[in-house]
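Next come two complexes built around subunit A: one with subunit B, the other with subunit C.
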Partner chain A sequence: MSGSAVTATARAPSRRRPPPVATVRWGLVIGSVLLLEAAARIGMIDPLIMPPPSTMVVRLGEIVAGGGFLTDLTTTAAAVLSAFGLGAVGGLLIGILFWRLPFVGATFEPYLVSLYSMPTLVFYPILLALLGLGPAPIIVIATTMAMIPVALNTMVGLNSISPTLPKLARSLNCSRTQTYLKVLAPAATPLVVPGLVLGFIYAMIGVIAMEFILASEGLGFRIGYTYRAFEMQDMYAYIVFVFVIAVAANVALNAIERRVRRDME
Partner chain B sequence: MLPTASSAPGQPETAGDRDGRLGVRLADVGVVYDTKDGDSVEAVRSASGHIADGRFVSLIGPSGCGKSTLLDVVGGLLAPRSGTVTIDGEPVTGPRRDTAMVFQEDSTLHWRTVLSNVAFGLEIAGVGRKQREAAAGDIVALVGLTGFEHRHPRELSGGMKQRVAIARALVADPRILLMDEPFGALDQQTRMFMGRELLRVWDETRKSVVFVTHDIQEAVYLSDEVWVMSARPSEFTAKVVVDLDRPRGPGTMSSRRFHDLTSQVWEVLRVESEKALDAQRELEP
Partner chain C sequence: MTTTETAVAAADTAPRDTRQPRRRRPWQLPAARLAVPLLALLAWQLIDPVTDLVPAPADTIRELYSGFVDGWIYEGLRATASAVGTGFVLGTVVAFPLGYLMGSSKTLTAIFEPLVAGTFAVPRVILYPILLAVFGVGLEAESAMVAISAFFPILMSTAAAVRNVSPSLLKLGRSLSARPLQIARKIVIPDAAPSIMVGIRIGFSIAFIAAIIAELFAAKDGLGLLISQSYAVLDLPRMYAVVLLVMLAAFAGNLLLWWAERRLRKA
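Up next is the complex of A and B:
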C-alpha cells in the first residue's frame, strides 16, 4: 500500500508569482502617460485642451531655463516653508497647551476640529482687505491650515502617553526638561510626526490654491495666469512641475514618517 | 509635585541599629484620592509597619486594596493624607536616589534599546556613557537578557520587558527596591524561575525589598514577612513572619512549614477577599 504522495517537503505546483506592487504602480503611471501621449498625437484630444505630455515636459524645460521661473519657485517655496514653520510651532504649542490644561483643551478642541473641516480659504477676501495683496494673507491662511493637524495630533499624542512614564521619570528624579525631552517628546512622536506631515501638505495646498486665486507671483499664480491667457502648454508645464513636486514631497514625508514610526513605536 | 528630597548617603549598615531606625517605617499612613468628579476615595486608612534594613517583605491583598498606592507613597511619588513614612528616620518627601521602583504596568521606553533602557536612570543621574553602559551590561546579564542588549522593547515578550524594568531598578544599586507585581505578566514556570533569580540577586546584595504580589506561594517563598492587607480602605490585617531557612530552593516548597505558612496567609486573605467582594456586590443593583 503506498502512502500519501504528499510529504512534508512536497510543494504545491508553483504558480507564477504576481508582479510586485511597485512594478504595477509604475506600470500604471507610465501606461497612462503613454496613452495620453498617443491620444494627443493622433488627435483624439484637442491639443488646445491638453497637449501631449512630451510637449509639456519640453515646455517645462524651456520655462525653467528662461528667466522668471526661479522667482515663482522661491516665492512659493518661501511661503510654504514659512507657513509650515509657523504652523508647526503654533500647532505644537497649542497641542501642548491643550494637554497641559485639560479644561482649555476640552473647551477649544471642538473649535479646532470644526476649523479642520471648514474651507479656510473663504476667509481669503477678508484677509486680503486687512493685510493687502502680498505674501501675508497667503501665509496666514496656509499657516492656519497647517497648524490644525499638528495641534490635534500633538494633543492626542501627549494624551495617549501611559501615566506610568511620567511616574517613572519622577521616580528617577528627572528634571522638568529631561522629562519633556527624554520621555514625553519621544513617547508622543509617533503621533506628532504624522501631524507634521499633514501640516506640510496642507501648507502646500493652501499656498498654491491661494496664489491661484489672487497673487502677483508664485507657481499657483502662474498656473492661473497662463490659464487665463490661454497659454495651455505653459499651464500644463507648470501643472506637471507642481504635481511632481507634490508627489516627491509626499513620498519623502511618508518615508520619514515610516522611519520614525519604526524607530519610536 | 512633591519637592525632591536630597539623597541620603549610605548610613552605617545595621551595626548599632538597636532602636530600629534603619529601614522603612510606615506610621498610620492614610491615603485619600480626589477623583475628577469631585468625589474622594479613601484607598488606605491606616497602615503601619517597619521593614528593617535588608528585609524582604511581600504585600498581598485583594485587588484595589491600595498596594500600588502604598508603594507610590514609600517611593515618594504620592504624599499621604495622614501619617508618615520615614526611611532611616528621615521623612520621605519625594523620590530618593537610594530607592528604586518597578511598576505594575510596562514602563519600558519603547524608542530605546534594552541597554539604553536599563542605563536610563544612570543617564539621568549624569553618569558618563561608557560607565553607565558597562554597568547596564552587567545587570542585563544578571536578569538573563544577554544577547538582547540592542533590541527594542517591541521585540521582547511581556516577561522580558519586566526584566528590563527590574534591571533598570537594580542598576543604580539602590538600598530599597519597591516592586509592584513584577512577575504579574508571566506564566507560572517563568515566574518561579524569575523568583529564584530575584532571590539569588537579593542574597548577594541584601537590599530591603517591598514586593507586591497576588500569588501566596510566591510571597511565602520569597519573603521574610508577608503583610496581608484588608479590603479598601485598607490596613494591615496580618503580618506573617516566614521562618523558612535560606537559601531557599525547590525543596522549600515541598516542606511542611511552607504549606502551613501559605495556609495561614490564605486564611486571612480569604476573609478579606470575601469582604471586598461583598462590598462590590453592595454597589451593584
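Up next is the complex of A and C:
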C-alpha cells in the first residue's frame, strides 16, 4: 500500500516533466540558430565562412524554385532507392541463406560484421574504372553498405524464432510457401524491420558521401561543387536541405519501426 | 510432395537450436573462416589476366613494400595517422564526459537524446566543406571531421552504458558513503567500460572512413590523397597498394579495439 503511494508520488513529477523537457530541447535548438543568426548579422562570423541562417533558407527557396534542383534531387533519390532496393533484396537473401546453412553463416558472419567498419569506399576508383562515371559505382558502394545490416538482422531474426513455430506449421500441414510467408516472415519481422531501416539510412549516407567525392549530379555533388566554386550561400543552402531531409527520413523510419514492432507484440 | 519435403526439413531442424552447426568437427569452422580471405586472394589473382584495370596481388604487395623501402608512403601515412589520431582523441575526450553526464541524468537524456539520435542519418561528410571554410585545407579541418564523426557514437554508447549500470551497485556505493568521484571511478566506469569500448570501436571505424573521404575530397596529404593522385595518373599498382594499406590499417585498428573490448569484458 505504502509502496504504491511512494511510486505514485514519485511518478507525478515525471508525468509533468515531458512538456518542460521538450520546451528546453526546442529552446536550445531555436536559441542556437538565433545565436548564429545574430553572430552572423553583427559580423562576428565572416560572411565568407558562414552566412546568417535566414539567408541560407532564403537562398534554398530560390534554389528550389530554380531549374537544376529537381535533377539533383531525383538523381540522389533514385540512387538511394536503387541502393536500398538492391541492398534489401540481397541482404534478405543472404540472411535467409545464412540461416538455412548455419555453417556458411558462421563462416561468413565475422567478415560481414567487419565489412561494416571497413572503408569500402576506397574501392571507388576501381569501380569507376570498371563501370564509368555515373550512378553505377555510387549505387554499388551504397548497396554493399545497405546490405550488411539487412543480412545480419535477417539472420539473427530467423535464428531467434522459437522452434515451436515451424513445428506448429508442420502440424498444420503448411506448405513450404505458407511456412515462410505466414509463420517465419511475421515471426522474424520485429528484427528484420530495424535492419531494413538501418539499410535505408546507410544507403542514404553512402549515396550522399559518394556523390560528394565522385559525381556530376546529385545533392552530395552539389555541396562539394558549390564549395569549390566559393558559392558559400548555395553550399549552406544545400547542406541545410540535406540535413533536414536526413533528419526527417530518420524520424519517419523510426516511427514506422515503432509501429511495426508494436503491431507485432 | 512439397509437404513431405517441408516435414522432413522441419523434423531435421526443429528439435535443435538452428544456430548450432550440426555434426562438424571443431577445427572445421576456423578452417572455413581462414579459407575466405585465401579464396578472395585467389579470385583477385584470377581476375588479373582478364583485365588491365586490376594488377596482380604480387605486384600490389611489391609496390606497397617499395612504398616503405623507398619511403613514398610515409608522408601520406603520417598525415592520415595524425589526423585520425588527433581527431579521434579529441572526439573521445569531449564525448566521454558529456556522455557520462547524459547517462547519469534522466532529464539531460530526455533533452538531448532525441537531438543526437535525430541526426544519426545525416551524412557527416556534408559538414566537411564548412570545416574547410573555417580552418582551410589541412590537418585541422580533417582532424575536426574525424572528431565530429567519432563524437556521436561514443557519446551515445557512453550515455547508454552509464544508464545501464546496475542501480544496486550505485546504492551500495552510496551506502558506503562514497563520494561522486569515487562512485565514478570504482563503480560506474569499470561496470560501463565494455559497452563504452563498443562505442569507441564504432567511433574509430566511422572516424577512419570520414578521414579517407575527407582526403579524397580535399587534403594536402594523406592516404586518400595518394589514392586519388595515383588514380589520376593511372598508376594502378600504387593505387591498389594504398587501398590495401587503408583496408589493413582499418582492420588492424578494429582488431586492436575489439581485443581491448574483450579483455575489459572478461575482467
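In this section, the second predicted complex is superposed on the first by the 244 of 265 C-alpha atoms of A that agree within 3 Å, B and C clash if a C-alpha of one lies under 4 Å from a C-alpha of the other, contacts with A are read in each partner's own complex, and residues count from 1 in each chain.
We take it that a residue touches a chain if its C-beta (ideal position, glycine included) is under 8 Å from a C-beta of that chain, and two chains touch if they have at least 3 such contacts.
All values derive from a computational prediction rather than experimental measurement.
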item: Partner chain(s) touched by A:Leu172 [first = subunit B, second = subunit C, both, neither]; value: first
item: Partner with the higher number of touched subunit A residues, subunit C or subunit B; value: C
item: Subunit B versus subunit C as contact partner of A:Trp99, first or second or both or neither; value: second
item: Which of subunit B and subunit C A:Val251 touches, first, second, both or neither; value: second
item: Those residues of subunit A which subunit B touches in one complex and subunit C touches in the other; value: 167, 170, 173-174
item: Contacting residues of subunit C [partner subunit A, same complex]; value: 2-3, 5-7, 10-11, 13-22, 24, 28-29, 32-33, 35-36, 51, 53-54, 106-107, 110-112, 114-115, 117-123, 125-130, 132-134, 201-202, 204-205, 208-209, 212-213, 216-217, 224, 227-228, 231, 239-240, 243, 246-247, 250-251, 254
item: Touch list for subunit B against partner subunit A, complex; value: 1, 4, 72, 75-77, 95, 97, 99-101, 103, 105-107, 109-111, 120-121, 123-125, 154
item: Subunit C-facing residues of subunit A, complex; value: 14, 17-18, 21, 24-25, 28-29, 48-50, 99, 102-103, 106-108, 110-111, 114, 116-119, 121-126, 128-130, 158-159, 161, 163, 166-167, 169-170, 173-176, 179, 201, 204-205, 208-209, 212-213, 220, 223-224, 226-227, 232, 235-236, 239, 242-243, 246-247, 249-251, 253
item: Complex contacts: residues of subunit A adjacent to subunit B; value: 162, 164-165, 167-168, 170-174, 178, 182-183, 186-187, 189, 263-265
